[in-house]
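Got some structures for you, see below.
Next come two complexes built around subunit A: one with subunit B, the other with subunit C.
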Partner chain A sequence: MSQRFEFPSIHNFSPFYTQQVTQTTLQNQIVLWSEIILSYFRHHKLYRLELSEALNGELFKNQGIKRRLKLETLQIIIDHMVKQGTAEWDSPPSKNAALIYWRKPEEWASLIDKWVFDCGLNNSIVTLYEILHGESSEGMEFHNLNQTILLKALDILVKRGVAQLLQGSSADDLGVKFFGING
Partner chain B sequence: MNRFTRVELTSSLRPVLADHETVIATQDNVGLYDGNDKAGDYTNGIVYLTSHRIVYVDAKNPTTNSVAVDIRLIKGREIYTGILKSSLKITLKFSESSSFDNSPSSSSTSLSTVSPSSWVCPICSFKNQQIVKCQLCGVKKPENFNITSSSSSTTILKDNNKYNSLNSDIIENAEQQFSTSPSNPTDSIEIACPSCTFLNHPSMINCELCDAELGTFNMDGLNMGNDVGSNMEKVGGDDRQDFVKLSFRRGNSTFYDKLKMVMSTKEWEKTDESQVNKSIPEFDPGLGGISAIFNKAEQSQKEQDETLNQAFKDLDGLMTNATEVVKLAESIKNKISKDPEFLADETSDFRTYLVELGIQNPVTKDSAGSIYHKELARQLAEFLENLLAKENGMIALTDIYCIFNRARGVSLISPDDLYKACSLFEHLSLPMRLRKFASGLSVLVGSNFKLDEQTAQRIIDFIKDRESLTAIELASLAKMSVVLAIEQLQMVEAKGLICRDETVEGIRFYDNLIINTQPEKLFS
Partner chain C sequence: MGSKNTKITSHDRTILELKLQRDKLKQKQKRILGMSNEATEVAREALRQGNKSGALLALKKKKYQQRLSEKTETQIMNLEELTQSIEFSLLEKDILSRLDAGNSILKELNKEMSIENVEKLLEDTQDAISYQNEISELLSGKITSEDEEEILNELREITADQLAQQLPDVPTTEIPIVPVKLSLPEEEEEEEEELSEEHAEPSSSIQKETRKERRQLVAA
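Showing the complex of A and B:
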């Protein structure tokens, strides 16, 4: 892990962990929480949020003031983020895990497209493993990206007509072929 | 009418009562008649019957058109139960107090038994109570009955003698009156009719044959007026009729019954006596100096003990002694407030208890009748005026129920009555309002308090001082009930000024940093 995430001061404010009853206050509380979640995930390059597990982590549990966010409150926050397009429930309708989009799939797609072009991988087949963990993608933001998010990003590229998914022998063996600009 | 005096009203438009004075009955929708005519400015109002006075409080202009008359000035009364459209009327007769000072026993008895304004119909000889026309045959009362003497007592006397009324009582009384007068009118000769010369009985006014006026009446009446008037000279210049009628557009004769009771108990005499008794000090030559003072103190302590013991023996005892207990409480209160040493915390608590025990004249269903809730609301408003200021303009209804009933001591009110009275505040334009919170808690709010802003500011100040606040802390800081504190905190929270921290220990309220933090500046 890289350096510690600096929580904002509101993180030490005890009422911040209680779901507020006043609507205006609650709205602002939700926005503040989603900002913190996005920043935290971006900082630690996290993509997937296991709700009940995360509630015991430093993000939602403040040992200093002995406060912890409630599951229902977190679900409300994620619901809000889903509406904003910054998150997605992993397997709806259950609300146990969510993908956090500190970059939206479209942004990931553009990043990958640019990387393919930069590396001259047009018209060649790349495995998903190479994109996520390969040497050539090292240093890129999508290095170690969550596979589900990657597939969503690739889906977008397929729809744009610049890539094609190639089924391998197993589910893990997915490959992708990027077409050249003149394709 | 000229016996009526202007009355002082409390802020809630009820009459200010003197010491020892109690309200016996109340009736609204009452008009005053001065003599037989409506009294212009006093046509619709509330009439209070107290142990000492009859007070009229005008409905339209209570501050200017409210008058009262001492019951001790009332020498005669009469009731007319209304028929059809005409309403129930009570006639109050006044007579010159000076004349009765001269011959107190005979005249006062005669006037209270005889209805002074009754008259005998010239046609059917029926003794009438009604003013304008004969009750039996419907013939108009002859004009010359309203002879110029203002004293109603002379009128009766004339009537009685003229018509040989069948009422033996009246004759008896009349004779009593005339035992002193030199000429007895029944002895006079028959009167010849000026038109047909028929010799009429001396007690006729109109000729029996031709119905022409005999013309003797006025003369005779005046003569008699002079005869009797020897001890009524003071009547002189006032040519108005000396009675006032109360016209009850609503209600029944209970008011009259109560009036009867008040006039027979003569509460005002009692208090005079008791004051006289108290003012005469007992003189014992064997005692003096310090020992006398000690004795006196001991004695008064014994008396107070006695009062308390008797009062709490049984409920009836409590009822009868309630006024004394309240008086005792007041005297202690006065003593404490005079003594600077008593300003310590305990005694100030004690004093507030005493203040709370102090409604001398509780409005009861019995005394107020149909306007019970309105009267209760007025009394409540008077009672709460000081209390509201002390409680920062807001008291829970449940608290009021306790405090108010404690203050009444006896004849407690039901929660329902309290609620009804409170909901009338707006209608009676009294300076407080009933307010219901979302939780169902009802509170009484002084309408001159800018409540929301004041409460909010107070709570925010508290929070700034101590960072966070619970309802219980607020309740003890602001000296209010916890339910009310919760309501106030929630009210301020709903405005987004504070936010909550909910834990197993309860809810703490904090300054609303959540809403004050901009998402864009979160990490800066």
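Showing the complex of A and C:
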């Protein structure tokens, strides 16, 4: 990780790690945690949150004040984010992994669509690997994007009628054909 | 989200397979370079510890990885070259197809634009022009005959007015008679001179007086 993420001061507040009893305080706590999670994931360009594993990380475990968030509390927070549209459970119904949408699939779709046009890739075949890890996508925000999120973004483009997915000989091998003005 | 058959051809699938294979080779290349760098690091560490034979062994592994890397790079280039050739051929085929479609349209248009049709069209146009000219002549002739009468009447009026303005009125008074004085010559030499003077004087004086009278009459 290149730069260290600076946590807001609330992150050093002991009660912040305890699920609050009062409803209004609980809601405020959930909102604040949501914002911290989104900022942290955006900063480090992370996309998938494995709850049990993450609870041992710096995000939810503060060594300084020896406090740690509980799994149940984190699940409540993610549930809230799912309702807000900034997260999606990746492992229902176990609720142990989630995709964090610091940028929503619709936004990824638009960025990819613009990149396709700028690179002159209309009417040609592009592999998912090429979009995520190819030289031509270096510098783009979706470089090294999570493949699951990429597929959601591409599905949006398919529904817009500007793209079509292809499957290769293997089940995991996928490609996309982007249509142009003459498509 | 399965793939549909719409707009996707067998060529597209072939190109996809080639590109997927290229991706796999690129990932392999990354692993090879990673192992090569790792071998270099192992060699350095071995040398730091005075283990020369260990360092040599690590460098041999690195050399092997480098050769493997070169082969992989060649394979990647071959695949990309083939893929680009296929894509370009498909593009050329598309161009040819569109040229053919354009040619077909042109032929159809030429059928509609046969020489006989053009000649007939020109004849029809000429007939229409002639007909229009006849109508114009008829209309213009009729109008001109009517206008000419009016023009002639107007001309007569203008002529009459001009004549009335230019011609002076006939005088009503009688011209008074002016007596002419004649003198007899005394000497022969002087007679000739005097005669010439006498001849000159009366005519000029009469003319002058006549002109004066006319001017007075005109003025009145």
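Throughout what follows, the second predicted complex is superposed on the first by the 181 of 183 C-alpha atoms of A that agree within 3 Å, B and C clash if a C-alpha of one lies under 4 Å from a C-alpha of the other, contacts with A are read in each partner's own complex, and residues count from 1 in each chain.
The working rule: contacts are C-beta pairs under 8 Å (C-beta built on N, C-alpha and C of every residue); 3 or more make two chains touch, one makes a residue touch a chain.
The structure presented is a predicted model; accordingly, all values stated were derived computationally and were not measured.
After superposition on subunit A, the partners subunit B and subunit C are accommodated together without colliding. Applying the stated contact rule after C-alpha superposition, one finds that A:D113 touches neither subunit B nor subunit C.
When both complexes are overlaid on chain A, the residue A:D90 reaches neither subunit B nor subunit C. By the touch criterion defined above, A:V158 reaches subunit C but does not reach subunit B. By the touch criterion stated above, A:Q29 is placed in contact with subunit B alone, subunit C being left untouched.
Between the C-alpha centres of subunit B and subunit C, as viewed from that of subunit A after superposition on chain A, lies an angle of 130 degrees, to the nearest 10. Once the two complexes are laid over each other on the shared chain, residue contacts for A:K177 go to subunit C alone; subunit B is not touched.
With chain A used as the common frame, subunit B approaches subunit C to a shortest CA-CA distance of 37 Å.
Contact residues of subunit A toward subunit C in the complex are 124-127, 129-130, 133, 151, 154-155, 158, 164-169, 173, 175, 177, 179, 183. The touching residues of subunit B, when paired with subunit A in their complex, are 493-496, 499-503, 508, 510, 512-515, 517, 519, 522-523. The residues of subunit C lying in touch with subunit A in their complex are 1-4, 6-8, 12-13, 15-17, 19-20, 23, 26-27, 87. Those residues of subunit A whose C-beta lies close enough to touch subunit B in the complex are 6, 8, 10, 13-18, 20-22, 24-25, 28-29, 31-32, 35-36, 39, 67.
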